[in-house]
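So, here come the structures, one by one.
You will see two complexes here that share chain A, one where it goes with chain B and one where it goes with chain C.
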Partner chain A sequence: MSEASATLHEPFESATRQREALTFGVWLFLASELLLFAGMFLGYAVYRHDHPSAFAEAGRHVNLLFGTINTALLMTSSLSLSVASRAIDRDKPGLSEIGVWITLGLGLLFLIVKGLEYREDLDEHLWPGATFALHAPAARIFFGFYWTMTFVHACHMTIGLGLLSRLVWLARRGRLRANNDSVEATTLYWHLVDIIWALVFACLYLVGR
Partner chain B sequence: MTRREQTEQPGIWLGPILAWAALLTLLALNVVLAGLPLGVFKLPANLAVAALQAIVMGLVFMRLNRASWLVRLCAVSAFLWISLMFILAFADTLTRV
Partner chain C sequence: MSLTTTPGEFPTADPDAKGARPADGAPMQQSFWTDGGQTVWSWLGTVDHKRIAILYAISITAFFFLGGAAAALIRIHLFTPHGLLFSRDTYNKLFTLHGVIMVWFFLVPSIPSTLGNFLLPLMIGARDMAFPKINLLSWYVFVGGALLTVIALLAGGVDTGWTFYPPFSTIYSNSAVTLAAVGVFVVGFSSILTGINFIATIHLLRAPGMKWFRLPLFVWAMYATSMVMILATPVLSTSLLLIIAERLFGMPIFDARIGGDPLLFQHLFWFYSHPAVYIMILPAMGVISEIVTVAARRKVFGYAFMVYAMIAIAVVGFMVWGHHMFVSGMSPYAALVFSFLSFVVAVPSAIKVFNWTATLYRGQITFAAPMMYALGFLGLFTIGGLTGLMLASVPIDVHVTDTYFVVAHFHYIMVGASVSAFFGGLHYWWPKITGRLYPEGWARFAAILMFFGFNFTFFPQFIMGYLGMPRRYAEYPAEFQLYHVMSSTGAMVLAVAYLLPLFYFAYSLRFGEVAPANPWNATGLEWTVPSPPPKHNFDQIPHVENDPYEYHAQGHAPEHGKSIHRGQGDGPVRTPPT
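Now for the complex of A and B:
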C-alpha cells in the first residue's frame, strides 16, 4: 500500500499498521453513528406500522423531485471522494485535491437544495405546529420524523463539509500526501452519511406515491 | 511501494464509476417502483433497493471488499445489533393484542 508516504504517529512502527488502526477506529465510531440513526428509523418503522394511511397521506406532501436530486448529488459526491481517496493512495495529490473540491461543491449544493425544500415545506405549513396543514393526527408524527431525521442528517453533512474543508486547507499547503490517513477517515465518514441518506430517502420520500 | 504492488492495486476510476452508475440506476428504479401499484410489496421493494445501494457503497466506496477481517467484523456487528433491536421491538409491536 502507498500509506508509506503518510506521517507516522506514536505508537505505530509502520504506515500499514497505522492505517489499519485508523480504519478500525473510524468504523467503531461509524457503528455508534449507525445506532443513533437506527433508533430514529426504528421509531419511524413502529409508527408507520401503526398509522399506515396517515403516513401515506403525509408522505405525498414531501417533494420527491428535491429528494431525488439530492440523492443523485450525494451519490455523485461519493464518486468524487472515492476517486480522491484512491488517488492519494496512488500518490496523485493533484487529482485527489480536485476530487475533494468537487465533493465539497456537491455537498454545499445538497444543503442549498435542502434549504429550498425546507422553505417550500414551511410555506405549505408542514411544520407540525399550530398551523399544521394536514388533518390526520399521525401526519404530525410523520413530519416530526421528517424534520428530525433530515435535520440530523444535514448536521452530519455540515460536519462532513468541515472535514472536507480541512482537507482542502492541507492540500493548499502541499500536505495532503503526508495526511492521506485523514483523507481515508473523511471518506469513510462521508460515505456513511450518504448511505444513511439513501435509507432516509426510501423511508420519507417514497411513501404514499 | 513496489511496481508489483502498484499493478496489484485496483484502478482509481473503474470501480467507483461502475458503483456510481449502479447507484443512479438503483435510484431511478426506486423512484419508478414507488409509482407502481405494488400494494403491500412497495415498502419491502423500496427498502430492498435502498439496501442494495448501501451494500454497493459499503463494498466499493468504503472498500469493505478489501478491508481486513477486523474492520469487516466491526461493520457487520453494527448491523447485527441494529437487527436485534428491530427484531425485539417488532416482536412486541406485531404480537400485541
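Now for the complex of A and C:
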C-alpha cells in the first residue's frame, strides 16, 4: 500500500494515522480559510444589496477577458495537480512530477495575467483614490472589494506556488514518494484557492452583466 | 508518611507506563528540562510541546505584567476626578494598550497555549502534538505579531480602544492603528494553528482505550476552545484586514460618506470577539473541573452534561454577537433574537456551575491553594454570568451600555473567572511541570488576597456604572470619587496578589520540596509519569481502562475521613526524603 510509504515523524507510530492527521489538519485549516473569505463575501453581499445600481455599473468595468483567462488557467491547474496527487498514490512519481510542474507553470501564468489586469485597471483609474473614474459613490466600495479580494486571493496563490515549489524540490531529489502526504495536502489547499477564485470571479466579474 | 493510593486510582493497566517512582526524589532526574540540551537554541528550536508551553508561559507572563502595569496606571490616574497623571490623549492610549495586550496577548493564549500545550498530550497518552513543528511555528508567529503590536502601542500609541471601531479607526485616528492591527492579524494565525493542532491531536493521538467519553474535561475544554479558535479567528482577520486596507490603501469599505457601513465592521468584529470570550472562559472551565474533582475526591457530577454544555457554549456562542450592538442601531427584531440567544447561552454555563457545586456535595473537600482559586472562580463566574444576563436584556443594556457596569461585568468573567482559573491551574500543575512543590501557605494567602482585591476593585464599578459613570473617560464628576477610590485601592491589592506568585514560584524552583509524581493523589494520565515528565512523556503508551475521575466506586462515595488517606489533609502530599 503506497499510502504507508511516507516517512514517519514523531509522535506518530503508523504512517496511515500520520497521513490522516495531516489531511484532517489541512481540512481544518481550509474551514478557517473559508471563514476568512466569508467575511469579505458577506460584506460584498450586504453592499450589493444596498447599492445595486452602483455595483452593477462598477461591475461592468472589470476586465472580463483577463478574468476568464485566469479562470480557465486555474481550473486547468487544479486538474493537473489532481493528476499529480493520484499518480503519486499509484506509485508513478514521474507523472506526478510532470503534473506538479504544469500546475506551477499555470499558477505563475495566473499571477502574470493578474498583474497585466491590474495595470489595465490602474490605467483606467479604477483605484478608488483621487482620480477614480466612476461617478456613483458606492462604486468605490465595489472596487474596494475588488482590490482587496483579488489581492488576498493572489497572496494565497503565492503561498500555493511556494508549496508547489517545495514539491518540485522534493521531486528533483527523488523524495516525492516519501512525502506523498505533502502532495495531498498541497492539492487540498490548491483546490480551495481554486474554489475561492470561482466565487470571486462570479461575484466580481459576472453578476450584473 | 507514605503516598497511599487506592486501587484503580491510576487509569492505566500497564505497569511499565507507571514507572513513576513517586518517592524517587532525586533532585536532578532526567526530564524534559534537561533532555534535549540546555542551550538557548535547544529551547528556541524545540518541538517538544512541554518546552513550547514554557516558552509561551514566559512570553504571556511578560505581556500580563505589561498589560497589568497599564491597568495600574489607569487606576492611579482615576484616584481624583480630574485625573492625576495623564492627558486625555495619553489616557486613551493607555486603556487601548491595556485592552489589546490583555485580550490578545494574554487571555486568549493563556490557558490553551501554556497548560493546554503542556498537558493535552500527557492527558490523552500521546508523546507530542500531532504537528510539533507547527506548534513551535505558532509560538514564533505569536511573539512576532505581538511584538509588532506592542511596538505600535508603546512607540506611537493607539487611541481607538481594543475594538478598533471605524470610522474613528479608519478615518480620524492619528495613531499607530495600522501597525497594531497588523500585529493582531498575525497573532490570529497563531491561534488558528494552535486550534488545528489541538483538534488533530485529540482526534488522532489518543492512547488505546482513551475513548471520547473517557477524556478529562480539560481536554474537552481544549477541544471546544479550538473549534471556536479555528472558526472565529479568521473573521477577526477579515475585519482587521479591511481596516488595514482602508487606512493604508484608501479602500473605502466602511466609509459612510459614500454609502459604506461602519456597523458592518461591528458585526464582523463581534462575530469573533464574542466567541473570543468563550476562548477565554472554556479553558478555565476545564481547569476548574479538574481541580474541583480532585479537591472533593469525587467523580464529576454529570460528566456527559459537562461535555455537552461545553460544546453547546461553543456553538451557541457564535450566535449571540449582536448583544454588543443593541444601541448601535440594529433592528428591534434582530435585538430580540440576539437577546433571546444570549439567555440561551447562559443555560449550559449554569449547568456547569450547578454540576461543580453538586460535585462538591458529600465530597472530602480540602482547601489547598488550587481549590481556593477554584472556589473564587465559582463565585466570581456566577456574579459575572448573572450580570451578563442583565446585559442581555435590551432595556437594562440600553441603560448601562458603555458604563462601568459593563466593564465590571466582563472583568468578572475574564479576570475574576478566567485568570483565577489560570492561577489555580498553575498551582495545581506546578509540581508536575517543575518537579517542585510551591509554598502552600503563601499560595493560599495569594489566592485569598486575589479574591478580595478583585472584588474590591470591580464591585464598586457595578455600582457606579449603574449610577451612570461612563467608561473610557479620563475625568469624572466628583460624586463618583468614592467608588473610584475604592476601585483604585482594590487594584493595588490585586496587583500585590498577582505579583506574589511570581516570587514564591521562583523561590520554589530553587528551594521548593521535590514533588512526587502524583502529589495530589489525582487520577489522570499526566500524574502517572514522573514530575517533571521525561522528554517523550511515556516510556510506553498507556492503555486506558477507566473513566476519568475514578475517585470512588460508582454510587459509593467514601465516608468522610475513612477510606481516603491524604497527606496532611490539604496541600500536596509531602514525601519525606528516603
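Rule of thumb we're sticking to: the second predicted complex is superposed on the first by the 208 of 209 C-alpha atoms of A that agree within 3 Å, B and C clash if a C-alpha of one lies under 4 Å from a C-alpha of the other, contacts with A are read in each partner's own complex, and residues count from 1 in each chain.
Criterion: contacts are C-beta pairs under 8 Å (C-beta built on N, C-alpha and C of every residue); 3 or more make two chains touch, one makes a residue touch a chain.
Predicted model, so just to flag it, every value in this text is computed and none were measured.
Q: Contacts for A:V46 in the overlay, against chain B (first) and chain C (second): which applies, first, second, both or neither?
A: Touch status of A:V46: both partners.
Q: Look at A:T71 in the shared chain and tell me whether it touches chain B only, chain C only, both, or neither; answer first, second, both or neither.
A: first
Q: Going by the contact rule set out at the top, does A:F24 touch chain B (first), chain C (second), both, or neither?
A: So A:F24 meets both chain B and chain C here.
Q: Is A:L79 touching the first partner chain B, the second partner chain C, both, or neither of them?
A: first
Q: Which holds for A:L35: it touches chain B only (first), chain C only (second), both, or neither?
A: both
Q: Output the chain A positions appearing in both contact lists, the one against chain B and the one against chain C.
A: Shared contact residues on chain A: 20, 24, 28, 31, 34-35, 38-39, 42, 46, 50.
Q: Once bound in the complex, which stretches of chain C touch chain A?
A: Result: residues 47, 121, 126-132, 134, 192, 195-197, 199-200, 203-205, 230-235, 237-239, 241-242, 245-246, 249-253, 255, 257-261, 264, 268, 271, 541 of chain C touch chain A.
Q: Contact residues on chain A for chain B in the complex?
A: Listed in rising order, the residues of chain A that touch chain B are 1-2, 4, 20, 23-24, 27-28, 30-31, 34-35, 38-39, 42, 45-46, 49-50, 64, 68, 71-72, 75-76, 78-79, 81-83, 86-87, 89-92, 95, 187-188, 191-192, 194-195, 198-199, 201-203, 206-207, 209.
Q: Quick check on the complex: what are the chain B residues that touch chain A?
A: Residues 1, 5-6, 9-10, 12-13, 15-17, 19-20, 23-24, 27, 30-31, 33-35, 42-43, 46-47, 49-50, 53-54, 57-58, 60-62, 67-68, 70-71, 74-75, 77-79, 81-82, 85-86, 89-90, 93-94.
Q: State the interface residues of chain A toward chain C in the complex, per the touch definition above.
A: So the residues of chain A touching chain C come out as 9-13, 17, 20-22, 24-25, 28-29, 31-40, 42-43, 46-47, 50-51, 54, 128-129, 137-138, 140-141, 143-145, 147-148, 152.
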